[in-house]
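Following this line, the structures themselves.
The same subunit A turns up in both complexes below, where it pairs with subunit B and then with subunit C.
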Partner chain A sequence: MALDRKIAFIDLTNGEIQIKPIPISMRKKYLGGRGLDAYLLYNYSKKGVDPLSPDNPLIVSGGILTATCASATARTHVMAKSPLTGLLGSTNMGGFFAPELAWAGFHHLVIKGKAEKPVYLYIHNGNIEIRDAGKLWGKTTTETQWAIREELGDDEIKSLVIGPAGENLVRFANVMTGIKNSGGRTGMGCVMGSKNLKAIAARGTMDIRIAHAQEAFEYNKRFIDQITSAKVNQTQGALGTPFIWGATNCWGGLRTRNFQFNQLEYADDIEPERLDEIATETVGPHHMTGCFACQVHCRGQYRIPSGPYAGKYDEGPEYTSQGAFGAEPGCTSAVTVLTGNHLVNQFGMDNLETGSMIAWAMELYEAGILTEKETDGLDLRFGNDEALLEMVERICYRKGWLGDTLADGGIPAAEKIGKNAFDYLIQVKGMNNLHSDERATPALALNVATSSRGSDHLRSRPAIDLYHLPEDVLRRIYSNPIPYKGPLSSEHTSYEGKPWMVYWQENCYMAVDCLGICKYHTTFLGATLPNFEDWPKVIYYNTGLEFTSEEIWTIAERCNMIERMFNLREGLARNDLKKGDTLNHRYFDEPCRRGAPDVIGLSIDRGKFNKMLDEFYEYKGLDKNGKPKPATLKRLGLENEPSRSL
Partner chain B sequence: MAIDEKKTSAAETLRKTRSFGKVRCHNPSCMGRIQPAPGADHAKCPTCGMEYRLFWVNPTLPRIRGPVWDVNREIAKKTFAGKGGAATLKAESKGGK
Partner chain C sequence: MEQSGKVLMINYEKCTGCRLCELVCSVKHDGISNPMRSRIKVMKWEAEGLYVPMSCQQCQDAPCMKGCPVKAISRNPELNRVEIDYDVCIGCRTCVSVCPFGAMSFNTIDRKVIKCDLCDGDPQCVRFCEVKAVEYVDAGDVSIKKKKAAAHRLSVASKEGAVLYAAQA
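Entry: the complex of A and B
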């Protein structure tokens, strides 16, 4: 059954492998996936560990529902101390790897040490082998996956791999599976590279017994109905995440030219409908595909229509690639976006961080802080498509002074560049912000400021705040499972009630990450999608474990708190611009100047922002400095951590 | 055990409140419903004046493709100036502090 999947502790230095069961008591406290990973990271790393040292544990997992009869249990989670931020490293991806890992007998891998030479892990039906990866080193992400399948003679193998960026220790290197499923954030590919670990390959045929199979199938029909009838998912299935980019750009919520503007004007060529046309022309009318057990199918397929990479196949692009190779560098060509997306996928490099770093360098260049001396003659002005794509390659291979400097991530690069370069860096906790502009949306600003892995939209964003839902509808969603009687506002520019919404979403997304399902299957982009009320049944029918909605909420609180404890141990401080819960000065000082009339002129009010932060800390049970109160730790059963009880 | 077969969740009941066949204005504080003429390639929000290019998924299902850039740019400029934006911009240092 799902609960008999094991955890493996693998030491790459001496080749030792320990396989253990996961006690039910741990499932009841952390469920699985990201939550249990957070427990493991906090327990199996020492304070101040160098992220690139053998002592930094790399943890790979599926959720408690992975490969069961529940929908969209495709997500793989990877966690370690981040070489990009020096804080929590955490990334989550779709595809087919986690289910294969579960069929091979495992839900969690804890990988420590460093191999003497490049290796990869082969996990199959309860066995784990450490194999030579000498021939794989230097290959792109796609080449690596095919080479492993060829070497092992099995086309059904699913692999988690790094590309050249991970090998070159680019601090924002990806972990990838498939063509474009990316564990993009916080540089987990860099951690793999530091361990000489090129890939983790999985193949399994071990059945997962469903606790109440008939009921699980029946209940999943209801789930599927909820998922597929949501308009937001229907649009995702037609256009993918570019549809969100299109709508966001329409009203002026898009980070543009390194946050100088909030809208990319005349961007017709990279609008979702245009990208859809290109996909239709180059791949065919049925070009949308999906991850394991998902009904949404939000992943596009395309071939690059022209230019030096014409004819190359890839998948996506996602919202973040439109931002990274469109709005942020000020480029409006579909070919540039599709090519940039292809390059980062093949190199194994976070598209969001890559595009943001280059856009930052572009602004520094236009401001005279960087010159042609540092760019090796490259004209790095905004809107220079060729320079943009050239810089992607330079970063991956650490070519030239600037490529090598940017590959180390924003804060180290700012220190190396000097002057006031840091002031232009749009980051939180050392990681660049999503390509959205939150100056008109205080709730979303609080979300990016407080996310545990650095600026991020997938940790606590109340995206439905933009829909202006009636207050009674908001109350039905946000008063469950924990009653909430405080204010709630339908107005996205309001500061009222937003801390609770962010707090609720933080727990909702943590629960989803513990279950191992995709966020498009919960209250993220659609108000009508499943959440706490719906999960107890899914867990019970599939695993036999009984929880109430309130218990799942408490587990999510606990898991979020242990992530917070890790960050505090590694130096998080409330108002620290480099390691804190705050935002770049542009959020407060520079108003939006493009987009819809109601957005123009808005910026975040610093005083009101701080009040929101105070309130958010209260809900979490933190003191004014953002540290957990003793009573909170006791309530969540964390007062004795690290306990090393697994 | 929180399992009750007959209970519908908040998510399920909310679905019943949806409407079809129109587009919503993308100005987030407006969100007015716009009903374009069949096959029209542009539509103007009757509430806030924003203008949009349209895409038709099928003959009865319109979707906003993007803004009419020139029109909305003018609206943005006037709005920004009206909110004292020009003065704010002068006071701003370009980029950093």
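Entry: the complex of A and C
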């Protein structure tokens, strides 16, 4: 049964390991995955804990449906206090690690302490072993994975690892599995590095009995048909996430040259179709690959066609790499995008944060705030591909003054650089935004401002807001399972009804993260994909647990609230520019210069933004300062937290 | 004319490596998710992006059948498959050791050998594989499909050759 997977508490300081069952009562309150991780983080970390200290718990998990007969249950979630933001650290990745962890007997790992020397964990059919990683230290992410397989003589092992960036405590180092599946955001690789933990290797052959196998089997087929019949997923299956670029660059939704423009010109070379051509030429006509049991297969494969890394094999690039090594630094070469993507994958470093930090430094350089003295002679102008790739390496290995400074993350770097460097930094809660420009889309602006892990699109983005769906279609989607009677607008530049959409998406994404399935299998990029209506059946058939759609909604609300409670405990305040639910001044003060006619000239209206935020807080049951009302905590059963009941 | 019977045709170039076939095989047969229980298995070389699903070839002159000391393995001509009679099988794993494809597996939980049974004529791996890396086709058609693909490659190559020749001339 999925429900008999265990939780392990591992102390790397003294090597103690405690293995416990996960009570059904906890499943009913938090399901699993990210939701239960949030409970664990809030309960098993002390207020004000130093993110790089042994006391910061690193929590690794699969969802309640991981490796069951549901579609695309591949997601691994990792949580800790973030060394990048000082608030919630949370990251989610595809691949094959979480299913292997579940077959090895575990759903959640809570790792505390710090090993004296580099170690890795080997988890095999209910057992956990702490092993020496001396020989692995210094290796890249893929070298590490293959070396573990060789050492243990088992090619089926799946590992979650850090690369050199995690070892060097780059504050936005990621955790990785496979070639490019990355838990990129909030620096979870940095936390692993601080614990001297190089990798977690899993291998399992333990049964996960499906509660109602025949029903789960047939329902899964129906579910997969629904998912693969969506045009958006068919496009993703052909071009990967780069397909988004075609649309966003047209209408002016791309953050370009840090935040100066909202469209990248002369970018034919990094259009999705061009990247697809390169993949076809270098890998072959069937160059898409997928995560565990997923029929969307949105992950590209390629070899770098030319340049110093010519011939290197890698996966991707994702839409985010087009931004990080294209739009943001103002570079327009496919080879640069593919090389940058390869470097961050090998180093184990978040592509979004890396590209964004370098683009920020480029604007500072052009504005004269940084000079050749700080860059050690590097001509860090926009559009300088060589300087961009050189900086990626300097950040990973903390080379030179600027490399070392940028490796500490946006806010500390801004403080070190001084002057008004901070004003140029496109961040929320200390984490930089991806390369999307939300000045013309109030719903998306509210999403990045309120996302629990800092500026981010995967926590509550109502992406379908851009499709101009008829109002009755929107109402049908956003009234499930809780009827919504307020205003709604099909217009993406409108402020009407957007807070409810963001609030709904926040609960939707939390639910999928608890289940352990991918966001491409719910209402994210496709409006016809499964959500609250369908999940009770999937959960029941696979685990035997019964929920109503409304109950899943409430669980998602509860898990989001406990994330909020963690953030409030660690200093979140509504209008704090560094730790709040607000945006960089440029969103309000600098209008879009390019794009579609209805986008040019737009910026976010401060008054209307604040009204949206008030409304969003009200839906969440927060007061005007963004703190939960006592009645809300009571309704969600959180009035006695921390309860430490695991 | 005698029916040649259907077989699994694997086109590994199309495989995305997702292993959904392993999941559905294991759940279909045992009601359990565990790749160790799957009769089909995707072998991977992740560093090069190479994924190859492996399953029983239902050999005409099957080594497992020949090698079985108690004659527990036989050919079922109706379903065109090689099958195990578990009432006779003694679990000696000779079949595992003689299979040239590694297609005979040993399930260490139930302590028995397992192999593809073509789901009695409706292979679920085929039903679920959206990219058609695994297909269920008439045995005689496998080579026709391969011939056609090879012919296409040849014709493309000769056209490109002609263009090159014309350019040089």
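Things to note:
Following the convention adopted for this analysis, the second predicted complex is superposed on the first by the 646 of 646 C-alpha atoms of A that agree within 3 Å, B and C clash if a C-alpha of one lies under 4 Å from a C-alpha of the other, contacts with A are read in each partner's own complex, and residues count from 1 in each chain.
The definition used in the following text is that contacts are C-beta pairs under 8 Å (C-beta built on N, C-alpha and C of every residue); 3 or more make two chains touch, one makes a residue touch a chain.
Because the structure is a prediction, the values reported are computed rather than measured.
On the superposed subunit A, the two partners subunit B and subunit C both fit, without a clash. Rounded to the nearest 10, the superposed model shows the Cα centres of subunit B and subunit C diverging by 90 degrees about the centre of subunit A. In the superposition on chain A, the chain among subunit B and subunit C reaching more residues of subunit A is B. In the overlay built on the shared chain, the residue A:273 is in contact with subunit B alone; subunit C does not reach it. Contact with subunit C, but none with subunit B, is seen for A:213 once the two complexes are overlaid on the shared chain.
Of the two partner chains placed by the overlay, neither subunit B nor subunit C lies in contact with A:573.
Of the two partner chains, neither subunit B nor subunit C is touched by A:19.
In the superposition on chain A, contact of A:49 is made with neither subunit B nor subunit C. When both complexes are overlaid on chain A, the residue A:473 reaches subunit B alone and has no touch with subunit C. Residue contacts after overlaying the shared chain place A:221 against subunit C, while subunit B stays out of touching range. Nowhere in the superposition do the C-alpha atoms of subunit B and subunit C come closer than 17 Å.
In the superposition on chain A, the residues of subunit A contacted by subunit B and by subunit C do not overlap at all. Residue ranges of subunit C in contact with subunit A, taken from their complex: 13-20, 23-24, 27-28, 31-37, 44, 46-49, 51, 108-109, 127-128, 130-131.
Across the complex, subunit C is touched by residues 67-69, 96, 103, 142, 146, 155, 178-179, 205-210, 213-214, 216-217, 220-221, 224, 228, 283-295, 297, 301, 313, 315 of subunit A. Note for the complex: subunit A touches subunit B at residues 226, 229-231, 235, 238, 246-247, 249-253, 258, 260, 265-268, 271, 273, 363, 367, 420-421, 423-424, 440, 466-468, 473, 476-477, 480, 491-493, 523, 527-531, 533-534, 536-537, 540, 546-549, 585, 589-591, 593-601.
Interface residues of subunit B facing subunit A in the complex, by the touch rule stated above, are 1-3, 9-15, 17-18, 26-31, 48, 50, 52, 55, 57, 63-67, 69, 72-73, 75-76, 79-80, 83-85, 88-89, 92, 94-97.
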